[in-house]
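As written, the chains take the letters A, B, C, D and E, and residue 1 is the first residue of each chain.
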Amino acid sequence: MYLTEIPEEAVWAIFASPLAALALNVAIVRRFPTWAGLLNVLAVGISFALSLWLLDTAADRDGVDIGFKSHELFTIGPMVVNVGATADGLTAVMLVVVTSVSLLVQIYSIGYMAGDDGYSRYFAFMALFTASMIGLVLADSLIIVYAFWELVGLCSFLLIGFWFQRPAAAAAAKKAFLVTRLGDLGFLAAILLIWSETGTFDINELFELALGGDIGTTALMLFMLGIFAGAVGKSAQFPLHVWLPDAMEGPTPVSALIHAATMVVAGVYLVARLFPIFQTDADVMAVVAGIGGFTAIFAATIAIVMTDLKRVLAYSTISQLGYMMLALGSGAYVAAIFHLFTHAFFKALLFLGSGSVNHATGTFDMREMGGLRRIMPITHITFLAGALSLAGIFPLAGFWSKDEVLGSAWDDNKIWFAAALITVGLTAFYTFRAFFMTFWGHYRGSTAEGSAGGHGHTPHLAESPLVMILPLAVLMVPALVAGGANLPGVGGLVDILEGSLPEGVEEHHLEFSWAIAAGSTAIALAGIVLAYALYGRGQVAARVPETLRPAQRVLENRYYLDRLYEDYIVGFLFYRVGGGLLEAFDRYVVDGAVNGVAWVAGQAGTWGRRAQSGQLQTYGAVAFAGLAVMFIAYVVAVSP
Amino acid sequence: MLTFIVFSPLVGALLCLLVPRRREADTRWVALAGSLVTMGASIALLVLFDKDDGGFQFLERATWVNSEGAGFKLQYLLGIDGLSVALVALTALLTVVSVLVSFGITLRQREYFFWLLVLETGILGVFTSLDLILFFIFWEVELVPMYMLISIWGTGRREYSALKFVLYTIAGSSLMLAGFLILGFEAGTFDMTELRNIEITDAIVPLNVLFALLIAAFVVKLPVFPLHTWLPDAHTDAPTAVSVMLAGVLLKMGGYGILRICITIMPAQADDWALGLAVFGAINVIYGAILTLRQVDLKRLIAYSSVSHMGYVLIGAAALGEVGLMGASLQMVTHGLITGLLFVMVGLVYDRTHTRQIPEMSGLAVRMPFLATAMVFAGLASLGLPGLAGFVAEFTVFIGAFERFEAPTLLGVVGVLLAAAYILWMIQRVFFGPTSEKWADLDAPVQWWEGAPVLVLGALILVLGVYPTWLIEVMEQGVVPISERF
Amino acid sequence: MIDWGESVQRMGPIVAVLVTAAVILIADLFPLRKRWLSVVALVGLAVSAGYAVWLLGDDERGSAFADTLVFDNFSAFFQILFAGATAAVVLASIGYSEQFRIRQGEYLALLLTGAAGMMLMASTTDLLAIYVSLELTSISLYILTAVAKNERSMEAGLKYLLTGAISSSVVLYGMAFLFGATGSTSLDGIAAGIAERYDEVEFAIILGIVFLAGGFAFKLAAIPFQMWTPDVYEGSPTPVAAFLSVGSKAAGFAMLLRVFYTALGDNEVSGDWQILIGGVAAASMIIGNLLALPQTNLKRLLGYSSIAQAGNILVGVAAISAGNDEFSIGAAGTMFFLASYAITNLGAFVAIILISGRLGSYEIKDYAGLGRRWPLPAAALALCLISLTGLPPAVGLWAKVYIFNAAAQADLWWLVLIAVGNTALAAFYYLRVVAQMYLREPDGELAEKPAVDVPLSLSVGLTALGVVAFGVMPFPLIEAAERAAEIFAA
Amino acid sequence: MELTVEYFLTVSAALFAIGLYVALSKRNAVGVLMGVELMLNSVNLTFIAFSRFTPADNQITGHVFALFVITVAAAEAAIALALAVVIYRLRRTVNVDELNLLRW
Amino acid sequence: MDDLGIVIAFWTLSGLTVGSALLIVVTRNIFHAVLALIVSFLGVAGLYVLLSADFIAVAQVLVYAGAVSVLMLFALMLTPRQARNNAANYLEIPGLLLSLVIGGLITVAAVSTDWAEVDDDRGFDATSRLIGEALIDKWVLPFEIAAVILLVAMVGAIMLVREDQ
């Protein structure tokens, strides 16, 4: 609307600039750490600006891909690997989300990470992550997507394990990488399958082939399931959600950026990116929606009982991601991305807020907080905004996007709708439970030294420094008004996004329904009220009726899933039993056989020499026995 | 040219012996010079290599033993194609690395470097010789040096391991010799440049048996389950440099032989055996990976991971398509670099901690940040992280093999997950977590000869991972003709 | 009637040796330094070898003494080989015989008569002459074995003699049956007779073949007449053991080749006995190697190894069907292997004489750490052992490859497989010695370095040199063997 | 009845077998030597029988062969007995089964 | 050769030969063994005569029955009484079986061969002359070698037996 069409170089620059920051950081800045933060801010700032330019272009073209041609990376016989930049609406929106949140988080981190001896390392990782995430969004070829997919996984690993001296952090990092990679196996297999079917990795070509019906339906279905497996891993959907809560061991800004706003939505993005293929198969769509819906409720229920602020937010993230999946599954492509868009802002806001709180109190345990609203008013306000938005209160951002999801669910399948609706209530409840426990009532933590959580601040109850407050304030804006990006009837995102779908792909478009809106808002409010009733006056733990105790215990243990995975399946079945048996087999059977042969030979020698008794006449006897044998053998051999 | 490359290390070796006893400590410089000369030459080779003209290049042909009557015409025939030139360069490079990481050696240095360089000659000979018998000879040359290196400068049950290695190899290579002779008798020549154009139609043994004979030595070397048990022992007890050579290039001799001899000369039988090979490859991957998870000895862990990774070579080779073969070849080179680096790191860590027992280590990252970073880097490469060399190779293998063998390939894919598991777990246990006070006062500065190889290898791994084309184009020149046999 | 001049000339190399023996016996009567006797012996051997070369030079090939003896490439090859081997043994013996107070005169004379007998075995073409030459060799060796005149040496001598006597009775029985079946004792005559009426006398021929093979096995130290080998090697003076392991074995093979390739070369027959010989070869390799594994005494070890090696060489003999109109590949392989084995094994033995002369022990464990305390002899020994294993850069590798190649061409792939399998087995004990010398740390102090024994060191050096030289450039040896094998051209 | 070569061969076979048995089963070195001599005799008998009954390019060959066998056998016997005597000096026994210094 | 006298002679002589050979086996006294051996030798000589090999027969008597046996007796004389037994060793049974097998095999081979028969009966006068001629013409080489052998044996025997000072 306002600018000329963006050239390809500029698009690549979006990706290149954080990479350059990384290079500089490793090469030079490492020696003057203080500059690392500013460097990143600058680099990401550039990316952000360029992303806006791209968005603008995309808007001009109604989201239709500009169609930069892709460049050959390498070729082996029939296997051609290209890299190219997609520049359509979806990419543009994603880029804006990624770069903007990233920018703010970088700024925030300057304050949050100040004084940490890994300061420059931290920003190096951040830069690498931002670059990879941008690359993931830009890539136009499955294999390249996969590459960056793994790279963001790596960054998540590095950043979760940033304070690697904490065993918990190290373990969480490993867990995150492995669990997501488990899903990635599906992704990889899908790529192999689709290549052996079509011989290309190019997404747009795949669209043509798939829509042209040139790919066998079974193959296509397997392909989609594989891709979805990857998405489940990355976006922490049931049953691979277990890594995300642990990931909170990382620094809070990381949680905000990676484990709320950007990386975890990569799964959603991937499914959305391949939506044209997905929507060809209703069954797969049902699977997607089902997993999403279940995850939404499932995670929300756990969030209810968590006492660690960040974990509440983590489960909330899982739940919201489920929400988006549900939307996709029910064909609401735009709704999903819209929710992704809004969620990125308010969830980042909430995380940064929690970080700010932690900066003051030195802990994330809500039982040791309370009454902070007087001590840190700005944090309180911003957090409240985020919470309301998450709860989906009219007219905040969350409301609009959530409402579209609900609507599409309603039209698609009432069960999905029910799930979504329940989730709304739960969401509102746990969000405000957290909110009240943290900011209302009166302070319960120890003002004295001690309770060293976070990264070892001792509590000095005060508002956080400006570098941290500023991003909160800035983020609060989109958290409140981002809904405006796609008001029903007015449009906005919807035009850009739909334009980026290939011809003839119908995405579920819906009319705004007052009924649903009102209903959901009511439920949300109910949840808030309940939360107030139970926690509004600073109670640590709500008086849970006896009958619900077992349920509570189950929830507090996250449905025992983590223990099942780690202790029983992996630890016991796989490692102890399987691995143990195999190792024994290797040592005693395989190697034993070898040594056995040697032993036998040795024994044969030792016994054989017994015959060499020094008795001349034995020698003669042996000789003649040999002769006889030779003779007989010969005769037998000769006479047929 | 090739003769120079192959025998320059030998010259260096002899020079090492000539170092006067009282200056023995300076042997390392002689060795370094020698290996650098070889590397320079092989880099020149890589540059001069013309990847556009097919067939073998830099041929050097001289009749050595000519007994036409006995059907025993033996040529001194060296030559390279894209496949071998890459491996030659790899060998030269890793030898330099080995020499560097051996700078700390104090025991009987002259002999040590002598054997190390002799070993290089043997390996280079294997990669360049184009006459079956010559190939066999070079193949045997490497035995004595390895035996000496492991059993004199090794640790633990070094003599057992050394002997195990030697006997395994001899057993395999004897069968290989039998195969060569039978083959040569049928084809009437031992000249690979001719053999690659001949179709072996019948022999005095069933052709599949002949193929088995030919491949015997290579599957031992690669190694393939269940013939792998020499590898962990040899690695565990070998000195660092030898482990680097062993994992870096000796194993590749196996893969190289399979590609260069078995598949090229007997395509039809290779086709019959393909499924079997693929299955064994998959077993290697999974079996090796699971056993790797179980290891508590750092070096043994890496050793088993090699077993796992060599499985990919087998799978790729079994696919018999251009992509698969290319993947196998790439995997050989990349694994050479990566595992080489890993073993260097293990060695450096061991030099400081004097233990390889993982449970005794913890939080070393604080004490040795550089090593930790490098180890993490190598580990990531080894678990096939995109952007690093390992991924390109493994992915190519998968692509090449999937069409032909779905199930084995998918097993291989699972191996990627297991690889991530054992690498990350190892890193977590060794470098992360609280630093036990045992290592509190552990700060050995990284010497240049320790740092240099790490940086070089690391850079190569990164470059290959981001832009593998240059290597691929070179290797294709060698691989395409093989794939065209099918 | 016999053309004496021609005959004696064609027998020249042998005559030279015999004359030298006589000269030594006579010279021994005069009081002069015993070393001169050795010099005389060396000169005589040199003359003999030179004579053979000269005869080849002006093509004096042909038969002599009414076709009981022939001078051709084959005989020349072995005559030169024996001359060389004997010379090496003489060199090695000088110091040794002084150390153990062995009577030089008789010792050398017997050595030479033995050598002459071996040359005759390689040159005679008539069962009767062959038998007599065989006995000349054997009797000389019986006495040489006992020459040290200590208990072990005597025991070895008696065992050797009685086993030998029995074996020769077996050989004779075989010869008798061949004679009876074919009516002739000359190899060609026998071949003719077989061609004439094989089917009628098949059983007699079979008996002949089996008994000949069995009896010859005594000389080859192969199954079934192998069991004397380790005892005699251990008991006899080491130079004699060397002479046995190289000369007498080679002579046996020469005889075997002549008889089996000429008299029994007829396809109808050879097709059968090549399997028999193959079986003997396989058995010898396996048993020899297995029993060598647990040995602790180096001489005994070499005894068993010589059994195994006999098996290896027999592989070449079995490969009779591998041939062309030019020469017999099997025979060529056999002779090439013999030559390489001669150099290698002599090298090993002389090195052992040198080393043990200082250590005063043949126990392997006493060789610990030798590689660093006495590098050169240790290196020589190691080299020879590597050659016996068949690894580069030693000549042994080529011998192995060539002979297996021959077998492969004779379609004896089962034999090839057994043989290659055995090389792995053999590597185990050969390398064990090497390991002992280079890996183990020595225990106890080493005896003072003796005054350098020049001739012995010379022979050590020469053999080691030969091992490497032919390891790098085997062609001359192969060429020679193939020329020698021309007489068996298919 | 007609005496053919087989008869003589059978006799010599019997002689050979007995000689073998003696050689294998007697402890006394001289006994063993006797056995050997018997075997050689059986060989000679065979040669003579053949040269009497079967056609040969020279009928006398068998005789000559036998003659040489006798000669050589005598020489061997001489050596053997010499050894036996010396061994008796050293070991105070001529029983071959006690000669086992060298074994294994 | 089928006239009765010869047949009877054959059976008697072979009976004598084999019988006395068996006597060597069974007798406990080694002197008796030697005597039996001599008888057996004589029996063989008789068979030679039967085969009209007069010269060999004579040689047999002289060399074996004479020289060799006497040598053996001497050797026995040099050893004390207790060493003069003719006991069998541990191989009594296996040796028996083995020699039966070997003898059997030889016999089988002998009888199952179809020998080309000629009856070449030349008078007693013939052989010695023929042998004489053969020795200086056809077989001169073995003749010479045999000479060397005897020399070697002589030298060796002397060297072995003589006590070194």
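The definition used in the following text is that a contact is a pair of C-beta atoms (placed from the backbone, for glycine too) under 8 Å apart; a residue touches a chain by one contact, two chains touch by 3 or more.
Predicted, not measured: the structure shown is a model, and the values here were computed from it.
Shared contact partners of chain A and chain E, listed by label, are C, D. Among the other chains, the CA centroid farthest from that of chain A is the one of E.
Across every pairing of chains, the maximum count of C-beta contacts belongs to D-E.
Separation between the centroids of chain C and chain E, computed from CA atoms only, is 31 Å.
Once the centre of each chain is set as its mean CA position, chain B and chain D turn out to be 64 Å apart. Note: centroid distance chain A to chain D, computed from Cα atoms, is 96 Å. If you average the Cα atoms of chain C and of chain D, the two centres end up 26 Å apart. Of all residues in chain C, those touching 2 or more other chains are 128, 131-132, 135, 139, 142-143, 146, 149, 158-159, 162, 166, 173, 177, 180-181, 183, 202-203, 206-207, 230-231, 428, listed in ascending order. The set of chain E residues touching two or more other chains comprises 89, 91, 95, 98-99, 102, 105-106, 110, 115-116, 138-139, 142, 146, 149, 152-153, 156, 160.
Among all residues of chain D, those that touch two or more other chains are 5, 16, 19-20, 23-25, 32-33, 49, 54-55, 61, 64, 68, 72, 75-76, 79, 83-84, 86, 96-97, 99, 101-104.
Inter-chain contacts occur between A-B, A-C, A-D, A-E, B-C, C-D, C-E, D-E. Only residues 5, 16, 19-20, 23, 29, 32-33, 36, 39-40, 42-43, 46-47, 49-50, 54-57, 61-62, 64-65, 68-69, 72, 75-76, 79-80, 83-84, 86-87, 90-91, 96, 99, 101-104 of chain D touch chain C when the two sit together in their complex. Residues 158-159, 162-163, 166-167, 170, 202-203, 206-207, 209-211, 213-214, 217-218, 223-225, 227-228, 230-231, 272-273, 275-276, 279-280, 287, 290-295, 425, 428 of chain C touch chain A in their complex. Chain A contributes residues 617-618, 621, 624-625, 627-628, 631-632 to its touches with chain E in the complex. Those residues of chain C that touch chain B in the complex are listed here as 324, 326-327, 329, 332-333, 386, 391-393, 397-398, 401-402, 404-406, 408-409, 411, 413, 416-417, 420-421, 423-424, 427-428, 431, 435, 438-439, 474-475, 478-479, 482. Remark: chain B residues 164, 167-168, 225-226, 228-230, 287, 290-291, 293-294, 321-323, 326-327, 363, 365-366, 380, 385-387, 391-392, 395-396, 398-400, 402-403, 409-410, 413-414, 416-417, 420-421, 424-425, 428, 431-435, 467-469, 472, 476, 480, 483 touch chain A in the complex.
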